[in-house]
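The first chain written gets the first letter, and so on, giving A, B, C and D; residue counts start at 1 in each chain.
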Amino acid sequence: MSVRCAIVGPTGYTSQYLLELLLRHPEADTTYLASHREELPDVRELFPQFWGRLDDEVAICQPIDPRKMAESADVAFLCLPHKAAMSYAPQLLEAGLKVIDLSADYRFSDAALYERVYQTPHEDIAHLPQAVYGLPELFRDKLLPGAGAGADARLIANPGCYPTAAALAIAPLLSHSLVKHDRILINAASGVTGAGKKVADHLHFAEQNESYLAYGKIGSHRHQPEIEQTLSRVAGHGVPVLFVPHLLPIDRGILETIYLEPMDEDVTEEDLFEAYEDAYRDEPFVRIREQLPNVKHVRDTNFCDVTVRLAGGNVVVFSAIDNMIKGASGQAIQNMNLICDLEETAGLL
Amino acid sequence: MSVRCAIVGPTGYTSQYLLELLLRHPEADTTYLASHREELPDVRELFPQFWGRLDDEVAICQPIDPRKMAESADVAFLCLPHKAAMSYAPQLLEAGLKVIDLSADYRFSDAALYERVYQTPHEDIAHLPQAVYGLPELFRDKLLPGAGAGADARLIANPGCYPTAAALAIAPLLSHSLVKHDRILINAASGVTGAGKKVADHLHFAEQNESYLAYGKIGSHRHQPEIEQTLSRVAGHGVPVLFVPHLLPIDRGILETIYLEPMDEDVTEEDLFEAYEDAYRDEPFVRIREQLPNVKHVRDTNFCDVTVRLAGGNVVVFSAIDNMIKGASGQAIQNMNLICDLEETAGLL
Amino acid sequence: MSVRCAIVGPTGYTSQYLLELLLRHPEADTTYLASHREELPDVRELFPQFWGRLDDEVAICQPIDPRKMAESADVAFLCLPHKAAMSYAPQLLEAGLKVIDLSADYRFSDAALYERVYQTPHEDIAHLPQAVYGLPELFRDKLLPGAGAGADARLIANPGCYPTAAALAIAPLLSHSLVKHDRILINAASGVTGAGKKVADHLHFAEQNESYLAYGKIGSHRHQPEIEQTLSRVAGHGVPVLFVPHLLPIDRGILETIYLEPMDEDVTEEDLFEAYEDAYRDEPFVRIREQLPNVKHVRDTNFCDVTVRLAGGNVVVFSAIDNMIKGASGQAIQNMNLICDLEETAGLL
Amino acid sequence: MSVRCAIVGPTGYTSQYLLELLLRHPEADTTYLASHREELPDVRELFPQFWGRLDDEVAICQPIDPRKMAESADVAFLCLPHKAAMSYAPQLLEAGLKVIDLSADYRFSDAALYERVYQTPHEDIAHLPQAVYGLPELFRDKLLPGAGAGADARLIANPGCYPTAAALAIAPLLSHSLVKHDRILINAASGVTGAGKKVADHLHFAEQNESYLAYGKIGSHRHQPEIEQTLSRVAGHGVPVLFVPHLLPIDRGILETIYLEPMDEDVTEEDLFEAYEDAYRDEPFVRIREQLPNVKHVRDTNFCDVTVRLAGGNVVVFSAIDNMIKGASGQAIQNMNLICDLEETAGLL
């Protein structure tokens, strides 16, 4: 029997790709698209890709009615801006739905940190303790049904795109004590879908095309503390990072070039590769290879490609994902597969 | 002595490239940037390209004050939306400035046609008779000082981008009676700067990138009657065309692929090339070549590259320009050179 | 039970996308990749996308051994240059395989025409009569098992990319006698994958990027007679076309803008849409819509998006496909589905 | 009187842009294009941009005849691969020409270092001592005629593209003792023209488009020791760097994001900006601004845009140039202006 899926907020790029992946998924059905817009949109008007693939009854959005959603769906994906997500999640959980939130609202376990980073008080502190940070390669045990001592995961905080690529690249080196934890530099570059679908002067084609630049207040990107939270959990102590994002003139893809210091002079490149092998040998979605990764080679896949070099006394890690897939919707599906007891890779290979 | 230039409305792409060309021009100085915005912009904030190349006194815009402009400038370029242009032109002319209008306001000699096409009454009918359509290769005699019987040209209607590429490509074949005039099909494609700097959903990088499509109401583009007006003048009778525009995922460039019927079976490809040679032999900015033109090879130049083929009983003409240069700002400079008695190619080769 | 698939010549773009689609197909297994290269390649080296998705035994190519292939596969897809394809097809057929040829070798029923267009004698005239031109929307009856009076289709000539978009766009208007057949102009534009994976000066990124141009000898593209063959079959008499290809600076996608003359003055836009509706009402892969199609909206799909306009006495049809999917590999899968008695849409929606 | 210029090796991208800049230069004439190819090329065939702008006598290349070149030119620009440059330079110098070499052959003062880095013995050690590294902002005194105690500069080693952006960004912080010199990390990204015009599998449009990756052997790029040589000269002691290059899917532009450690905790962002102001206040081609630089805003200019941030205990510098202009041909012109006693900015603003 298929898992029945609802998407709340189906008008942005993450929901476009989520819908695309769900259509390819052999054991999932999209049953309910829910919008908070007054005039309920037809997603086929927004994404003409879907004409001929979605019936009227699904494509034309319905209001966000938790009870009705719970009747026709098992899982609700929240593709909403932060703040909006936590205003709907409680009702959806109460109505019996499993919730996978693609916003940032449940990513921090510390409400005060959330408030500081997102400049708004957290409005659903009650559910924070049960939210699971859905990065399966690092925290799978909290996602698998019946695996933990406690209750099954029903509220998943789907990780940010940059944090996914960073955490997967850095965690094994920390856990294997191969690098120092006090000067980690993350030079990141993302395709334009990462900036969202809303128009803005700087996102005009003629501005972004043939363009490349860093953006934002350096050292203050919202994903920096998210990366730090994950690495701190892995290391067992605080791990500060410096995160510097750039915008690439492409549709999709993130490449992070990460600079670290080896723990001591004895560390070899072989040691580094072994740490990755040890961590990811059985992971279906992490590819450790000698070749330098290219965003083009992970496009439209749920893979994270990682390689590492020891050069001039520095450890340099390269990590590539599709920001829309492993960085958002693909990982959301992977999380759904896990909490719904499907094959983890279903619909993703 | 240099020609002193003012630009009215210096915040769009045409004014960016106009400013760029004026900076390279050996005999022109930009002296006055005039904006109708309440908060007077610094063009270097809008186009960081210009830091280090424009002094404060020029870069920081001034109000549109015709008297003051006339004191510091000889020529005013209007880079305004249609309708706004004709609201300023009369005062600027009266103040003694020569006016080169890059909008559509003075392109049609028939005010009723203007009203029908631009959906607004013409508000400066008085000046229409003296406006010269600034396509030098076809109408140079009206632009040269002292050349005509009447007064020197002081109000220039700078042609549209698509009409420039179309008219230069088609006119010689009509004037040499080599093609029929009743089924002319213009398949046109333009880079995104042609759509202007204002943001819009469909101009978002992630929508235009890796994209290609026709746009608008087919057969109703505003440039269609402008092309027809020029060709009718050349032919001496009405010449209807069908104009179908497409949007290319590039910054700059127009290529038009134009389908015509030869006048009779005796027309040879040689005849067609001869007509072009005859028309453009001495033109510095039209290049007639065997090779199929590429928008990349006219980029940042004032050239119009044209070639022609006879194939399957059809005449196919290919015409390429940089929509920002020969299609707008370069042609405006060419017109300035002519009416100010400079070398026609000054600053453009 | 799944259909077992072999790919012969798996190093180009068509085979990359074919492999991608087969991996997503619920009822097909890729079992044999066959290369004629001395040093047998690993397709994962060529297309790093496939690491983690293909096992060694499949990914590392094997020699083209028809007997061995027939043991492990039911269908062989030929992704070879023309001429090479017909040198292998006979042995593969004889060994019992069904053959879907993505080259041009079996597309013309007339060997003399083939020789003229491809400048090489046809070397497998014996099989030409049984080859079926695999454009299901127009010739499905010849593809369905047991449907015809004769034998089941075992040799499929997969149509060219441009001809697919053209034929689907034009055929209904001809069959409904709504347009004249003697001046059909096809203005086509394709992404760069259409030019193949082999390097060439003009395919260098820095040449194609920000570029747009027509190419080749106008009126002599090899797809022109292929389009004419299909349209002539539909019309029951010769239908000449003029085909003018352009190269777009994008990876994938074809848009054709087609100019025709209405049969008479009474033809309305409604008539034109009705003809399409009539022809394609039940087709899963042709989308007739009011909206002008965009190559971006068919990307990575097997759809052909078509719309039509009546403008200035001309019929203008717009037809968009992904050149790699409906224009090559997707259509090959669709053909496989048909001749192997699977659901026609399996793996494609 | 104009400076007469020869270009040796005019078939690559650097010579294309050099020619473009020389055409715009008010006091330079291109008089001699010299090729070592058997069949002497017409540069207009290679770069159709130049039709109509270059006469036959210049555009059609001549053999590399030093005596003849010296008759018609004052300066020779070498746009040759390394090793080829040093095989011609001695004869050109001897014939009386000033030589500006855009290859790497005279960039290292240490012939042994050259041999190690370029894997070939240096064949013109005799001229190494007189070669001047042409980075005017740091070494102008060696370029100005009559400025030094010794002879005027007649052999200029034009810096590499990456080293130009790196050295200008880092030098002031070292010379003002604001950063430590022992862990400098340079994350660099370049447009595809930087890879040269020669075709290669990975430079195919369909491979580079929508792509982004690091390349080469990390820590072994040839520009790394060139950067180290310059910074060591500035600092007065060895300065090791780690240089990590990436390839951007754009035509032109380099952005380097450089990570350094502040000398101590007292260093403020203000200090950093002051160092730049102090170093570059009067430089026409270095723009120090608060805004993060974008390769698009230096395109087709000779500017190097630099800004700096202090974030999380790190100094992060951003430096952008057009790899073809300030990174190659523009800087070559700047050097020509200096050694030929023209205004340094002539033809470049």
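To be clear about the criterion, a residue touches a chain if its C-beta (ideal position, glycine included) is under 8 Å from a C-beta of that chain, and two chains touch if they have at least 3 such contacts.
This one's a predicted model, so the numbers in the text were calculated from it and none came from an experiment.
The greatest centre-to-centre distance from chain B, using averaged C-alpha positions, is reached by A. Homomeric contact chain A/chain B is classed as same-residue, with over half of its interface positions used by both copies.
Work out the mean CA point of chain B and of chain D, and you get 37 Å between them.
Between chain A and chain B, the centres computed from C-alpha atoms are 48 Å apart. The distance from the centre of chain B to the centre of chain C, with each centre set as the mean of the Cα atoms, comes to 41 Å. Residues of chain D in contact with at least two other chains: 207, 210, 249-251, 294, 299.
Residue ranges of chain D in contact with chain A, taken from their complex: 183, 185, 187, 189, 207, 210-215, 218-220, 240-242, 244, 246, 248-253, 255, 257, 259, 261, 292-296, 299, 309, 311-314, 316, 318, 320.
Residue ranges of chain D in contact with chain C, taken from their complex: 13, 191-193, 197, 199-201, 203-210, 249-251.
On the chain B side of its complex with chain D, the touching residues are 23-24, 26, 47-49, 51-53, 210, 284-285, 287, 289, 291, 294, 297-301, 303, 305, 349.
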